[in-house]
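We just call them A, B, C and D in the order they show up, numbering each chain from 1.
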Amino acid sequence: MLLGTAPIAAATLAAFTLGAGPATDATLAATTVQDDDGPRTSWIVTADEIHTATGRVIEGGFVRIGDGKITAVGRGKIAGDFHVAAITPGLVECSSGLSVGQRSVEQDSESTPHVSVEEGLDLFSTRWERELRRGVTTACVAPDDRNVLGGLPVVVKTGGGEPTMDDRVIKTRVGVRAAMGSEPSAGNSPVFGRAFGLFNRRPTTRMGVEWVFRRTFYDALRAQQDDDFTFEGVETVNQVLAGELPLFIQAAPRQDLMTALGLKAEFSIPNVVIDAAAEVIPEADAVVASGASLIFAPLEFDGTASVEGAQLPWNAPAHMAELGVTFALSARSTGNADYSLAMQPAHAIRGGLDPVKALEAVTIVPARLLGVDDLVGSIEQGKHADLVFWSGAPFQYTSSVTGVMVGGELAVDPRHGEEL
Amino acid sequence: MLTLEPTRLKAAVRACALGAALVAAPTALAQTSDSLVIEAGRIVVDSQTEIEDGVLVIQGGRVAAVGKRGEVEVPWEAPVLGGPEFTAFPGFVEAYSARGMDRANERIDVAPFLDVRDSIDPINLYFQDCLRWGITTVNVQQGPDCVIGGRGRLVKPVGITIDEMTVRPGYGLVLSAAPKSGLSRATQAGTMREAFGELRRYLEGIVQDAKDGGDYARREALAQGRELEGEAAKGRPFQSTASWSIDGLEMIPRGAIDGKQGPLLDLVEGRVPAFFHCGGPHDVHLALETAKQNGFLERTTLVLQPECWKAASAIAEAGVPVIHTGPMVHTETDPVTGEETETFVLEVYRDKGIDFSLSSQNSSTSSLWYQAARAVGHGLTREQAIDAVTVAPARALGMADHLGTLGEGRLANVVLLSGDPLATTTMVEHVIVEGAHAYDRSKDPRNQILFEGADPLDNLRSDG
Amino acid sequence: MRSIAISLAPFVLGAGLAAVSPAAAHRPASPLQDEEPTEQETAGTESEAEAPAEVEPPPLLAIRAGRVIVSPTKELENATVLVRGDVIQAVGTDVFVPEGTNTVEAAVVCAGFIDSWSALALDTGSLFDRRTEPSTRSVDGIEAFDGEHLRLAALDAGVTTVRAQVGVQSNVHGLSVALRLFPDLTDERAILDPDAALAMQVFGDDPLDRVGNVDRLVDQLDRGAAYRKAQRTYAKELAEWEKKIAELEEELEDDFKKAKKKRDEEIEEAKEEGKEYREERYREDRKPRKPDFDRNNEVLGAVAEGEMPFVVELHRIPEMRKLLARLPDHRRARPILAGVSDARFVAEDLAALGATVIVNPTTQGQGGAFGSNHLQLAADLDEAGVEVLFGSGGRDASATAALPLLAARAVAHGLPREAALHALTLGPARALDLADRIGSVETGKQADLLLLTGDPLSATTRVEHVLLAGEIVHSAK
Amino acid sequence: MISTLSAAALLLSSCAASGQGSVAAPLAGPTVTGAVVSAPLVAAPLEASFVRHEVVVEAAAPAADVLAVRAGHLHMADGSIVEDGVLLVRDGLVTAAGADVAVPDGARVVEHDGHVSAGLVAAYSAGYLPRDEANENTRAYLPDGRVVHGFDPELSALEDALEQGVTSLLLAPGTSQVVGGRTAVVKTSGGRVVTPNAHLALSMGAPAASTARTPTSYAGIVSGLDARFADAEGAYAEAKSGNLGLLTYVSARHEVDRALRLFERHELKGALVGPTLAGELAERIRASGCSVVLPNPPLVLDERTHDAMAALFEAQVPFAFWLSDPHEFRASAIVALRAGATRAQALASITSTAADIARVGTSVGKLLRGHDADFVLWSGDPLEFTTSVEAVYVRGELVHTAGHHGDDQ
């Protein structure tokens, strides 16, 4: 990982936020050093609009990058390496929809809360470049939903440096991945079913799924009382019960949502995030009361979420915003450019969501939900230089992503609009 | 709840089907007054001309006058629609669609005798969506799963019978250079070639028979010693720019030509426009070559999948208009490195000077205004994008004098938008089709389900 | 062949006519050749179109080589190949090279290799189409916009021409295209012959099925022959009829006055007798009926008459024996047997029949009695006196690039190197009626040449440059 | 005289070396030399291996027992080629090889103006065990399984390999077990076992994460191996100490990466089998001290595979090829040559390097004094496609001559 910040950063920040005079431009331009080995990671980018996701929009400003980190953000005209219409932070995909294949989940039991997906990653896959091209610089990767409690997701950068764990994985033990609904039971068959193979295992129904979930948590509670009793992953479950680890539960249709909220209440789990949320409007009160956060399934044109055919109207995010519910938007791994993470805020805005909230819902909010908001998710001094460059005002149908920077490296060059 | 889950979609759909009958149709019929006045804070006459605070006078289903308020004479008895908060925009033109039909594809390879009239379904949700999206004219053609398909039809998404909907019947003929299911590029080309070979042999055959018949009659007369009055030509001579021709076709009354070959003859004589499907660059070559050899290149419009951009120079050379379907950005994966490259297709067409239209037949089945907005997002100018969903399709349909702008004399297809035509938050509020008020968003139940989260079941109940 | 080339004038890239006319030249004339005079004019004008170019002669290119492999059996040391435009103008050790002629050096020069059984440059759907028929044309299945890396790999290996064939999963594949691997396949020079051969296969799990399929296959040739016969008879009868009718008309003209007079008299008589006048019925011989056009029989006819060769893929003894037994029905037909896994058993019969075979020299062949190693097969057949060509099997487009190396491996199994080179160059060129244009480094032929760093069959030899029609279209990295 | 004695010394040491493996192995009662361990497995080699001892011990033997091969081109162990070289063989072992080696009177002489090289060695093989003998599907971890028990000397595939010049090959468990057991190296002729205990075989490839049994995920594989290597015992300890080799099946690059990280954590190294694109991680592999056994490449490489291979050669990572279709085996080395390997590297990849990777480099794969006299007479340069095998010798005995040539005087 790239370490430290240029010592002069603080100073320059101060200098330029006060509006830089032409005199100092030279010094600034001069300080953009080019480290010879490896791709260039120091830049000065100027823009008409900089949406920092810290609540402020800088009109006519610059972002200064040193060694892959943001060293200064400010207003004022200065000589930069290149100019773009608008800058937003790199987008953060926090839904677990980015499937990395069935070998990402350990199926020896239907409840494996302690198994991390880390070793299941294929960092060489071209999918990361695809996400990067569409503006996603940080993504959550979770085990496939073959298990009720699938294990521990990780947070990866989609580019920058080498495709190695050191360079790309910025957080492990993000939380515990759980799934309601039909996925965990799909393909399973009763014991007397298939003779060979793991699939003669529970659960086979929604009620089975819920049963497995409750059994695991009851066992955890029992383990707290009874010292002789324990099971694999008990510590992890206890961390969840204690609120040290968030619990990500996939629950799109109404009944799964209610099941998830019910379990949250039953075990008074402090920190629950509903993933692939869809039919929340009919249960708005319950959602608000539960205090759970939401990750919306992708908004699609026919108002139907790709997850379990649940209905997802475009005003749902706006509706939740009014009720003060914390939520993020997601694109999962949809191949359809119209539903990419860069487009989701636009759809939500069309559904009535405030543009500022829309921006936060794909940057800083998901970063918080994943616990990496100290590294990414906004344009602030010291954070990773993960930036998305836009042809116009971001999240409008009439503008699109022209460039992407990750860890200070230009993955997509806005000056040519092609990959370097 | 559990049992309901799988059927939730159907429920929604049913609800809307009812909605359609209740909303779209009646307003359309109810609209009897011969004239209508539309007021708008802004009237987009076409991509170049805009009028602030304008009025638009409709008479007999056409635009009688358009201009600044006060500068245009407004008939006192005409009802008034709109207001300063609206933007008036020409009705979007769907240059090509294989939707809105009960079954869009026919199994027979060569079936020019078909007509979409027989499969258009007036209460199909698609026509409802058209109104919701401000599309006022649709060129309904048979699906691409054919070699030579049947006649299409220009319709407006209003009315409960096909006749009511019809703008222009028996319009266009569909051909496909892309292999239909069960065929490959090679066999598709073979079947296509054979279809025209057969036409030609058929025509040669009937002409030859007529000649032989004539000769026989003459000899008979000679033998019987009577004078034979020369018969006058009953038909029309073969008029085509095809690389082949038929002498003596004038001997054959056109009525005598059979129902399969007739439409093809019309095609090669350039009497009917051709909509030629292409799945890839190769299909483009086959399509252009076929059209050239058989004399209907001038009347050909290509319906293109994204990958066809690779044949852009051939298209430009042939000078035919195109209709783009599918995603605007074509992604290609290098077979060796697995690296992906993206191409914004419309830019290629623009730079080659190709006349292109957009269609809503798209991966996301979204609206034309959305397509236009995204096109701007990817780098077209606003004008180019708006043209591609208004005047360009109108040209492609040979209806430039009737559709695509709000100019005087044009059909009164008007969309009242809540804001700028390409803005993310803009909604289609009202749609006027040929002077009739056909859509009102406030009375659209499906819209409430899709975008405002209304419960489809409540809807069902309220509908009865 | 003309009738086919014309009645099926190819759409693809509009290259067909230009390409086919030279090929048609040396083929027996067909009774139908005058069917479409217009088309022939087109073909004619095509060739005239080239004429103006000769006003200002195309540029010269001289290739000086340590060794020129003129043909599989003829080599020259320190020779020069002089190319004018797209044609080889001279080859020899004492060729006069005008001052300032563009010159390239090469260790070895030889003719571009030919894969006589390839799946390269075809669209996959067409390649595995199960609904193909004799008239289906591979030229319609060419894929010019995809798979470029495979075509470049083939050029890299020295393969300049392929017989590409669609429909390899049907009994009758259709018409093969002889394709030159121009990097841009939309270049019309790429299509050397859109109707190079008719291809079929004999398959089935049950030997009886396969033998039955051989019958069905030869029956098709019978049908084609019958079709041609019917057309000839028609042409003959029509001529006779027209002659007769012409005479008849003459005398009718002459007798008209008489007839008119007679008619008037008879009408009078009828009046007097109060009867109504009945005019005598007129009779003449019926005009002979034109046989119905059939696009498939057009092709099968041409094959039966030997106007184009036909390729049959078959592997086992029973079907080979059956085919050998039935071929004498069609003495003019020119069979090429492909695959022939077990041909060792019938090698003598094949040699006796003078048949040509295409061997796919892989270690993963069609299995059969002799296992799957076909590297040996080529050697054995050659030893038995059967003319052997090499082909990459027509299923896998990537296999074409490996063909020259496989040829070298066949040499390791005892195939003489001349035979190996023959199987890659002159052999297929002759078998496919392309020898007037490609297959050897001889005056008058197209300059489709390889400039090599060493012996064409050596593992370490690189193809430095590939010339197609006198242009360097590919060079090693 | 002197030569034979030192030969004996060499031999014994080599036996001792190969013996160490079996000492730790819980199987096989008598813990003696590798050769003898092989005895209960195959009858023939039993007395053969004793005969070998006797012959060595009783020193001087008549020159009649000496076989001398005069080769037009003799491929030496160091990769060099000696013109008109001589190879001296006695008692199944190489006693001398080189340019100026005197042929003792009365020695049997084989004249061969073509090339002579060491018998080919495969550092990994697939399809040389009877069907279904490779994968113990019911268990994911079988550290003490011995694939040598599946070795069938009569298997016809061995004969095919021999005809292509392959004299020794490594037998390995299949790839669907995380830990498959011990690999063995055997001769393709005479049912001789060179060592029953070459490596501990791991699989970190996709097949090892099967839904037929646990583990079903990469995470499962890694945690399983981590646990076993953390406080290593038995086979794991041996593999860690280096007494036992480590052979790991990996295919995709992320699997290579995963394996290298595991190795780093537990200070392991060994052979990586199967990673076609390993070259794209060449530097890391070199740094890890691992070697690579590549699947047989196609005759014509696409640009990417070509570059990956070239990078591997560039980085000097020891590489070999696996043996499946024997016809493709030597071709692989030629492909490597065409991809930029040196002639020495290319030939070594199917002889000496392969032997080293298979951990039998002290007894086969090189024409070096004291090594088994396994060698091939080639019709020409073994790195030409046009070249064919003319004769194969194993332990000094002619075991195969090509049909249509064959010129053994």
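Here is the rule we use: a contact is a pair of C-beta atoms (placed from the backbone, for glycine too) under 8 Å apart; a residue touches a chain by one contact, two chains touch by 3 or more.
Here the structure is a predicted model, which is why all the values come from computation and not from measurement.
Colleague: If you check the contacts of subunit B and subunit C, which chains show up for both?
Modeller: D
Colleague: Please identify which chain has its centre, taken as the mean of its CA atoms, farthest from the centre of subunit B.
Modeller: D
Colleague: Name the two chains that are joined by the greatest number of C-beta pairs in contact.
Modeller: Max contact pairs: B-C.
Colleague: At what distance in angstrom does the C-alpha mean of subunit C lie from that of subunit A?
Modeller: So the centre of subunit A lies 60 Å away from the centre of subunit C.
Colleague: When the centre of a chain is set as the mean of its C-alpha atoms, what distance in Å lies between subunit A and subunit B?
Modeller: For subunit A versus subunit B, the centre distance works out to 42 Å.
Colleague: Could you work out how far the Cα centre of subunit C sits from that of subunit D, in whole Å?
Modeller: Result: the chain centres lie 50 Å from each other.
Colleague: Measuring centre to centre with CA averages, how many angstrom lie between subunit B and subunit D?
Modeller: That pair's centroid distance is 70 Å.
Colleague: Among all residues of subunit A, which ones touch two or more of the remaining chains?
Modeller: If we look for residues of subunit A contacting two or more partner chains, we find none.
Colleague: Which subunit B residues sit where two or more other chains touch them?
Modeller: 336
Colleague: Would you pick out the residues of subunit C that each touch at least 2 other chains?
Modeller: 149
Colleague: For this structure, enumerate the chain pairs that meet the touch criterion.
Modeller: Touching chain pairs, listed by label, are A-B, A-D, B-C, B-D, C-D.
Colleague: Taking the touch rule as given, give the residues of subunit D at its contact with subunit B in the complex, in rising order.
Modeller: 302-304
Colleague: In the complex, go through subunit A and note every residue touching subunit B.
Modeller: Residue positions touching the partner: 126, 129-130, 133, 206, 253-255, 281-282, 300-304, 308-309, 311, 313-316, 319, 336-339, 346, 349-351, 391-392, 395-400.
Colleague: Can you list the subunit B residues touching subunit A in their complex?
Modeller: Per the stated touch rule, the residues are 1-2, 5-6, 8-9, 12, 327, 329, 333, 338-340, 342, 363-366, 370, 373-374, 376-379, 382, 422-425, 449-456.
Colleague: Please give the residue numbers of subunit B that touch subunit C in the complex, ascending.
Modeller: 179, 182-190, 192-194, 197, 201, 212, 215-216, 219-220, 222-226, 244, 280-282, 285-286, 289-290, 293, 307, 310-311, 335-336
Colleague: For subunit C, which residues count as touching subunit D in their complex?
Modeller: 149, 153, 156-157, 363-364, 373, 375, 398, 401-402, 405-406, 408-409, 411-414, 417, 457-460
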